[in-house]
Structures are given as C-alpha cells and as structure tokens.
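Same chain, two partners: subunit A is paired with subunit B first, then with subunit C.
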Partner chain A sequence: MAAGAEGVPGLCGAAEGSETPGTPPSPAAERPRVRRQRGRFLVWSPGAARALRERHRVWGALVGTPPRRGPRGGAAAGPRLPLQLRPEEARALRESGGATVEPVDEAEAEPSGGGAGGGARAALATPLSRAERRSRVFRALWGRGLHLTRGGKFGGDFLVYPGPPAQFHACAVAQCPRSSRAQPLGALLAAARLCACVRKALLLCAAPPEGAPSCTAITWRADLT
Partner chain B sequence: MEAAAGPGGSGVCPAPGDTDPGQGSSAAGTGPGAQGSWSGAAGGNWITAHPTFTEMMSLDVSDSTQVYAAFLVYLDLLEGRNWHEVQPVGVAELQLVCLHARAKEQEGLQVMVPVPAHILISHERLREILKKASLPPEDPDTLLSVTLAIVETDSTIVYYKMTDGFVMLDPPDDTEDEDNKQWRKKRKKLFK
Partner chain C sequence: MEGGGSRRLSTAEQPEARQAPRSPGGQKDSLPGGSARQAERLRRCCEEQWRLLCEERPERPGNLVKAEWKPEQGIVELKSPAGKFWHTMGFSERGKQCLLPEEALYLLECGSVQLFYRDVALSIQEAYETLLCQEAMSLSHYQVFSHLKQLGYIVLRFDPSTVPSPYERQLNLESHCKSSGKHHRKRRRSSSPWLHEKKHKVYEDLSEVEGTSSKDGDDYGDSIPMDEKPLSVQPKESDAGSAEGESMPVPLDTGQKDSLSSSSKQAEKREESSTGTHAPRWDFTTITFPNMASDQPCTHLPSPDSRLLPENVPGREVDAASWCTQINQKQEKLSRKERKQRERESRYKSSVNADQEVRRCSNWQEYKALLEQRRQQRVWKRPAHLWDQAVTPLLRPEEVTSPAALLQQISVLQPSHILDGASRLQEDPEAMKIDFNVYQADAVSKFKKTNPGKPHVRMCVRSCSRQSKKGGNAVLPSFDEQIPSLRALKQVTYLSGDVPLVFALVDHGEITFYSLKEFKLPVDVNH
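Now for the complex of A and B:
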C-alpha cells in the first residue's frame, strides 16, 4: 500500500510502462478492440482485456458468468470475460487512440461529445450532464497516471488508486458534483465520514471545459477528535 | 464512546427554515441553543458580553450565526484543547470570521473556518473558501489547506481538513497494536 500522507500537487507520475494520453497512439491493427453493443462497451478478447489493464490502466469490470461455487467449480471460479468498460473509459481510450470502439451493428450510434445540442450558446448555458462531468474528471485523473475503478460501493463516482488495484489499496473516493449546486453540508459530512472509516480521502473533482481540472481533498482531522 | 471514537457530527442537518439567525436572543438565564435550535444563537448574557465575541461581531463581515459558530470553535481550541494561540480574523471577501490558530508555540499557524452544519454549500464555494482563507505556505511545494470546523446545533464540533490537490492518507501507526486492541475487545465481548 502506498505510504505517506503526501500531497501530490495535481500530478502523479505515470506508472512505468503504462501508456498515457499524449504518447503516440498504437497502429490501428494493434489497438485493443472494444465492441459497443446495446449501449454497453465490451471487450471479449483476453489479450485486449489484459492490454487495457496492463498498458492503458483501464480496468473496467469482468461481467461474465458468475463464479461457480463448490468443489467442482474450483477450476472455473472467478470472474470472466467480457470486460465491460464504463462510457468514460471507452471515451478516454477512443480519444487518446488507445483502443478502437466498434459498434456491433448500425443501430449503435457513436457517443456524442456530450452537452445539449442547439448551437454553441445553448451548450455554454447548459450545465454539464453528470455523464459529461464524470468523463472529464476520469480523463483528468487517468491522464495523471492514476488507476480508477467504479466507486459505487463507497458512494462515489470513482475509486482512485496510486498503482494497479491488484497491488494497492484505493487511496481516495472521487466524486464529481455539479460545481455550482449547493447541497446540505450534512451530505458532505456523511461522505467524508464514510471515507474516514475506510481510510480513504474524499476527493471532490471538477474538470470544467473552460478551466483547469481541480481536486479538493477532504480528510478527517484525527488529532482533533 | 461514539463521540470519542470517531469523527463526531451528525449527517442530518435541519432544514434551513429551522434556523433563523435573525431571531432575538433566548430568555434570560438560558444558555445558547437551549431550545434545540439556533434561534438563540447569540443569546446568553455571558457570550454576548465576552470580549472575543464582541471583537468578532465588530469585524462586521458575517452574520451572528457564523460568528457564534466561530466563537464556539474559539472556545473549543483555546479552552477545551489548550491551544497556544487562537486569533479571530475577518475575511471580507468570504463574509466569514476565520481563526488563525497555533496548537503549540513552536508549530505553524493553521486556518480554521467555522461553519454551521445546517448550511447549504457548493463545491465552488468550498474552493473559494480554500483559495481565499488559506495562508501562503512556507514551502512552495506544500498544498493550500484550511480546516473546516463544522458546528452542530448542540455545539458539537467536527474538524475536516480541506486541501487543494490530491492527498493520500498515512497508513496506521502500529498495525500490531491495532490488531491487539481489536482482539482484546472481541475477547472481552466473547467471555462476558
């Protein structure tokens, strides 16, 4: 587990051997293929799933047949393919050239860039949707070399790891609230207390289109119990 | 035990309509908050007469509810925890009374931002508080930070540090001691 209450001023070094946005994208033939099917982003190839996790730090979730229980299920135990990616993971890979996203049939439209239609003025006036906020924050944190997985179990949008989830505990729970929306302070307290109990920091993240990404960490003052 | 074992403070805040800093002080002889709400936030003769309270009010940057919260935090740090120094500071840009405090003489100043627990607050506002209330760090690599002192209607205070940037927590100081403590508790329960 990563040690030390370090503040990382906005940037963490990229993991050794992992690809980050900004590196030249792999040739199309070598890129892992992600299939868009019924609104879900699925990776069926074991090699592609492994490449996404080991080279691109995109972890997704294995959603195949549930593991079998009992002695006969020992050999087949464990989660299985396909690997399902969240929309923000698929979008980040597509935009960085790390993977190709292919619709299974013509009915599967490419995901739009987010935000309302109706021209630039309408786009500026409309607050970002939750999906768009998540996507931007994912891109900002992932681009800094961090590993992110689903954060629903801890009431957040992402779990943030300093290294591969197989080797590190998550160090933070990231939320992507609407920046201008006022919420009861009690809701923030509840989230912060949950994080304190599981030894993680609460991160409030924002990545507005017109500004730099920002991260506010909330940690309990154990010395002032 | 609950209050001492972990972060205190309730996760449920009363509706904003329940608290009205504009109401008059409570009846003579009753302490502040005696009616279970902050309607008497500035009530109680000894509080309104306290020189530090009057100093905070004279800064004229915030309403009586936030000043009352600041005063409770002031008392908690200075009298309850015996901190070396606690000074109220008015931040007009934020319309808040903050505290610049030092736990021990040799330690650096910390910024405490008292807020009542029942308020509504946005991420934008938290960032604004962080940027405008924090002191410039001595080390340029250190992240900006302040401590939110969240004051409940029963005067319970819980403290959370707010930092600009990505923070990782310390691991437990002594894992073996923690395991032993948990084992002792469990054993005590089993053999009751």
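Now for the complex of A and C:
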C-alpha cells in the first residue's frame, strides 16, 4: 500500500493548515438559521438548506418524511426537509460565520469545547475527545474546499467528494482516530481493504492537541499483487 | 416564512405527478474537469434539488383530521373522527381517540392530520420542536419510527408487561388464550378428567381425585362439596400485583388422554381469576395436601384457617366419608372402539403401578433411585483394562447413538446461545430499553390494535447523543464509543422474549439496522 496525498484531488498542492472558508461571513440577518434541540441540528427553511449546500458546501442529510404517492398515483418522492446537520458541520458553520445556531430550549447548555477559540486550543494538553477530533478534521478538510458527507456506509467518518455529491463519486473515506492509543494493524487493513473494494482511497486523519490536523492517504497497490 | 409545511395547497394547485429523479443529471463523474458541460449539469442538478426542496406538501383540506396536542399528558387528542390510519395507529382513552406524539407527527408530515396547540395550527417545524421533547420519544426514535412506517410496517411502542414469561411460553398459554375465549364445558368420557383452562393465569391445586372417572353427566365445577371446600391451605394469589412475573410453578397436567394411565394419580386443577401473577410465597415443603384417594384413610378435613380465606367465603370442617363411598359407583361404559383399543394396548402396555417395587416407593426420590438401580443392572461388564486405570475413555458405548452424538460428547467447545444464563441476570436499571414492536406490513388486514399478537421484530434504538437534562449531562452509551457488552445484550434479548431483536443505530439522521444472528459451526459427520 502506498501512503501519500497523491490520489486525492483537492488535497495535494495545498499547504497543511490553510483554510479557505469558501465564502466570507455574511451579515447575521442573512445567515441561514440552524435550530439546535438536544444535541441535534436541523434546518427548516428551503432557502437556508439551499444556501448551505450550494454556497457553503455543507450537505447534511434530508430527514423529513417523504409524501406518499400523489393523488394521481405518481411515484413517491425522495426525503424532504428538515435538513439535519452533524455537530461538526454545525460547529464549522458557526465558527466560520456561515450560519447562526439557535437553541430551541433556552435551558440548553453550550456544548463543552464549542466556544473555544484559537487561544484555548493551544493551551489544551489533555487528550481530546473523539467528537473534538472529528470536528477539527472536518474543519480542516472542509476548509480546503472539499465536500464532505457521512461515511457510515463505508465504515469511516466522512466521505470526501471533489465536487457536489450529487454529481461526483466520492474519492476517499476519511477516518478519524478513535482514541489517542495505537490502533491495531488489523483494523487498518480491514479499512483499507474495504476502501479498495469500493475504489476509494482511505484517508487516515490525525488531530493532535497541539498542531494542525493532518491526513495520510492509503491506496492499495493492485499492480504489485 | 419558515418551514415547508405552513402553507397548504388546495387540490387544484397540486403539482403534476412526476417520476422521482433517480440521480439528476445521469451518471456521476469521478473528477472535476472544469468543463462547461460539467458546469451545466451541475447547475441543472442544483435547480432540480432546489425545486424539490421547495415543493409544498400537498394536503386535502376536506380530509384533514383535526387534533390537539396535550402537553401535560404527552399525547394528541383527535377533535374530528379518525381516518383510515385508525386501523393501525392510535388508542382510545376516556372515550376519546388519541394518538401518540410520534404517530401524530408522522401523520402531520404525511398530510393526513392537522395539529393544533392553543388553537393555533402547528407547522411541521413547530411540531418537531414541541412534540419530540420527551425522554421516550426523541428525534432519533422518531426518525426510526418514520422510516419503518414509510416501509409499510406497523410500529407500536414496546410494553414490557406484555411479554409472556418463559413459563407461560412453555405452556403455550398465549395461543390457547387466543383460541378459547370461554372455557370448555364439554365433557369427555375418558379415563382422565379433562383439564379445563380458562383465560386466567393462576392455577389452584385442589384435592387429588383418584379413580377412573367422576360421575357421568356431572359437570366440572359442579356443586360437589369436596371441590368447593377450601382446603386447610390454599395457594391463592390474593394481592393484586403487577401483570408481569412468573406463574406459580405448580406442575401442570396437560390432561391429555394418552399421557396419563388409568390408575395413576390425577390432579384436577382449576383456575381462578386473579388480577396478576406473582412468584409463589408459599413454602410447599411445609404444606401438606390431604390425600383423599379411595385407598387412603383420610376422610376428615378440618376447618380451614379463617385468616386465609376471603371475607365472603365461609369454611367448615367436613367428613368426606359419605361422599367417598358414592364415587366410582357407576360402571364405566366403554364404546366398542375403546374396548378394542384397550385390548390392543394391554398386550404391550402395562401400568407402572402394577409393579410391586414401584408401589413400595413412597416418593419421587425413591422411585428415581429404583430406576437408577435397574439401569445399573442392565449395563454390561466393562473391560478392566480400559476402565480401571487412571485414564478412562470419555464415553461409554451405550451413550452414543450416532457419529454426531459422538462428536458432541467429545467436543471441547460447546455451542452457546445468546440466552444462556440470561434468566439469572439481575435486573439492571441501566440496561438497554426496547423501544418498538414492529409488525409485518402484509398483516395489516388482519391486524387488531387491541390484540396485535406477536411482533415480527422488536426494535432497540441507539443513538449518539449528549442530552443535557436538568441534573447535568447524561451521555447515553452510544454505538459511537463501544458496542454493548455481552451482558447487556443478553439482558435485552431476554427482555424481548422469543421475538428477534433489531438494533437501529441513528447517527444524526442516518439510520442503520443490525441484528444478532445465530450461527452454528458446521459439524462434519460424514466420515
């Protein structure tokens, strides 16, 4: 297997740690609004969903119940609003000024680690939680202009697309570390094998407490087998 | 204007029916090439998605059922009569038709119901934010519910008290209760009294009646004083307990004709209605049941302790001698067929009580010792060079009947089942909860809400969420961190009874279903 960033479009040629938010932060009144209820993030307005997808490259998932067949017997349509965002998507949007997150209940406490800026990040020496690591990796990959969606189907954390998911195949499956301990080699091989079967690269992402997130791509050398 | 459901279209304005686009724009590309063709396809694809997102949910105003959200009870009350959905959803309470929050929300999204709260119609967004605030029905639960409903399943909430206990399942109590609404009064002329089972759960042990039959024409439960007499101690369940729990472990005669020989002791059991079942609180080693059989001298029954009787039931002492002389008076008339069958059977069947040695046994322990002793005598002599050493063979020749049995005996790894030892696990308040019962889609026509029967699967919803409650942060154990322990899996599988269990993992809107499957290692016995 070869390691390197060659096989993944969008990742080569850019320096580590650079961020291109994609769009400058818009004034607060025009930003899409995300509703947070008990740790879940939902977007209800069609305009906001469209803006998030087309301008901010945040795709989320449509989770509304689709209507049943129409009165004239048409086929059932796809899922509908609301659009549900992952915590890291919502956090990246909030931090980059792309959207405002409103809590539904006023009693909701701010999730820990959400409001910390860059200064607090440097001071952290304790091991990061999985959610925190994933959030950083998301921010880093998204900041390079890639489109990211859920990776649960392929055993990873994110699917990396060079362009809109509706138009392109995913080029890589990104995996964030589960803990700061060493991972068994067998798990690595299993993940790499799975990605080889579906013709995607495996991206192993690291988000150390100090330093910027980095990633390594693994591809299977079919030519040597 | 917020939300995609706050405006309602009249039927005339509904968009034309069209095919749902599979992948708008056709085949997907692998790499962005920057060509104009790609840019055009991208634009068209975005337009199509935008159009779909903006599409209003069509509703038929005339068919809309009005319903009101009641937050203090956590349910939705219908204000106009229910439609077709009432067949599989909803329940009645105090004369009103009601819906659970997840059912109401689903129907709202489908456009069958209009939800009101404080006289204001709720939009779908407001309904999501208002109805899904309970512990039992969070957004993850609702998403699983909605997904299954779209596939056509019937989904009801799980109620632990409706799961029959293993003992009840062993008796096949459930299916019998369903088939017989009333008890059978039919009398059969057979050597054993027929066992009458009513729909209740407690079995009461009455006096043992020996003999080939009771009086002909006498109906069971008739006013034979012996049956009505309360015995000195009666194992009655007098407290109204919860519906869950084990039935009394009194060994039951199933009362089948061929399972009892004519002269063995027979037990008549009668059920009594009771509000619940409990583990027995009586110590049967200290309680003696008077033996009223005809070869026993005991005919005098003392008056029962009045503390053990309900208020309106008097007890008195009785001398049963006169009654004992009256039973077995009528000749048993066998039909020709029965006589012939008896003749045939007598050639090879013999009553176990005809054996003098068996009659000398006064309890089960002695009888089993007798059986063991007889078995020992049948065994042939073992070769000394094999069996008298320090190391002996693993098997005896008579123990093994087939190569498969042989392999089974000498195997080191025994197959295990998920439910092994599950009944001994303690109740754990932190254990996983089962959320839904799921019934097959093709059973809709036969489905009855009041008696749904055994579900197809039970659903256990797991999600990764950090829900901050008023007391602090409660992080639910999520699949994101680690899979449940074997102990937790055993507990929840046991809770589910004999219905398979499916785990629905919800990862912020993405649902995946998993279940544990039984697997047997293949055994090679062909050589």
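Points worth noting:
Here, the second predicted complex is superposed on the first by the 175 of 225 C-alpha atoms of A that agree within 3 Å, B and C clash if a C-alpha of one lies under 4 Å from a C-alpha of the other, contacts with A are read in each partner's own complex, and residues count from 1 in each chain.
Quick note on the criterion: a contact is a pair of C-beta atoms (placed from the backbone, for glycine too) under 8 Å apart; a residue touches a chain by one contact, two chains touch by 3 or more.
It should be emphasised that the depicted structure is a prediction, and the values quoted were computed from it without experimental measurement.
Look at A:Gly64: by the touch rule set out above, it reaches subunit C but stays clear of subunit B. By the touch criterion defined above, A:Thr225 lies against subunit B but remains apart from subunit C after alignment on the C-alpha atoms of chain A. When both complexes are overlaid on chain A, the residue A:Cys171 reaches subunit B and subunit C alike.
In the superposed model, A:Gln37 lies in contact with subunit C only, and not with subunit B.
Look at A:Leu188: by the touch rule set out above, it reaches subunit B but stays clear of subunit C. Judged by the touch definition given at the top, the superposed model places A:Ser180 against subunit B, while subunit C stays out of reach. When the shared chain is aligned, subunit B and subunit C each come close enough to touch A:Pro162.
Of the two partner chains placed by superposition, only subunit C is touched by A:Pro82; subunit B is not.
Overlap of the subunit B and subunit C interfaces on subunit A comprises residues 9, 162, 171. Those residues of subunit B whose C-beta lies close enough to touch subunit A in the complex are 4, 6-13, 81, 115-127, 130, 141-143, 147-148, 150, 158-172. Against subunit B, the residues of subunit A that register as touching in their complex are 1-10, 12, 146, 160, 162, 171-172, 177-190, 192-193, 196-197, 199-201, 203-204, 206, 214-221, 224-225.
Of all residues in subunit C, only 2-4, 11, 14, 16-20, 23-25, 28-32, 38, 41-42, 45-46, 49-50, 52-55, 57-58, 60, 106, 109-111, 124-125, 128-129, 132-133, 138-140, 143, 146, 149-150, 465-468, 470, 473, 480-481, 507-510, 512 touch subunit A in the complex they form. Put simply, subunit A touches subunit C in their complex at residues 9, 35, 37-42, 44-46, 49-50, 53-54, 60-78, 80-82, 84-87, 104-105, 107-109, 111, 130, 150, 152, 162-164, 166-169, 171.
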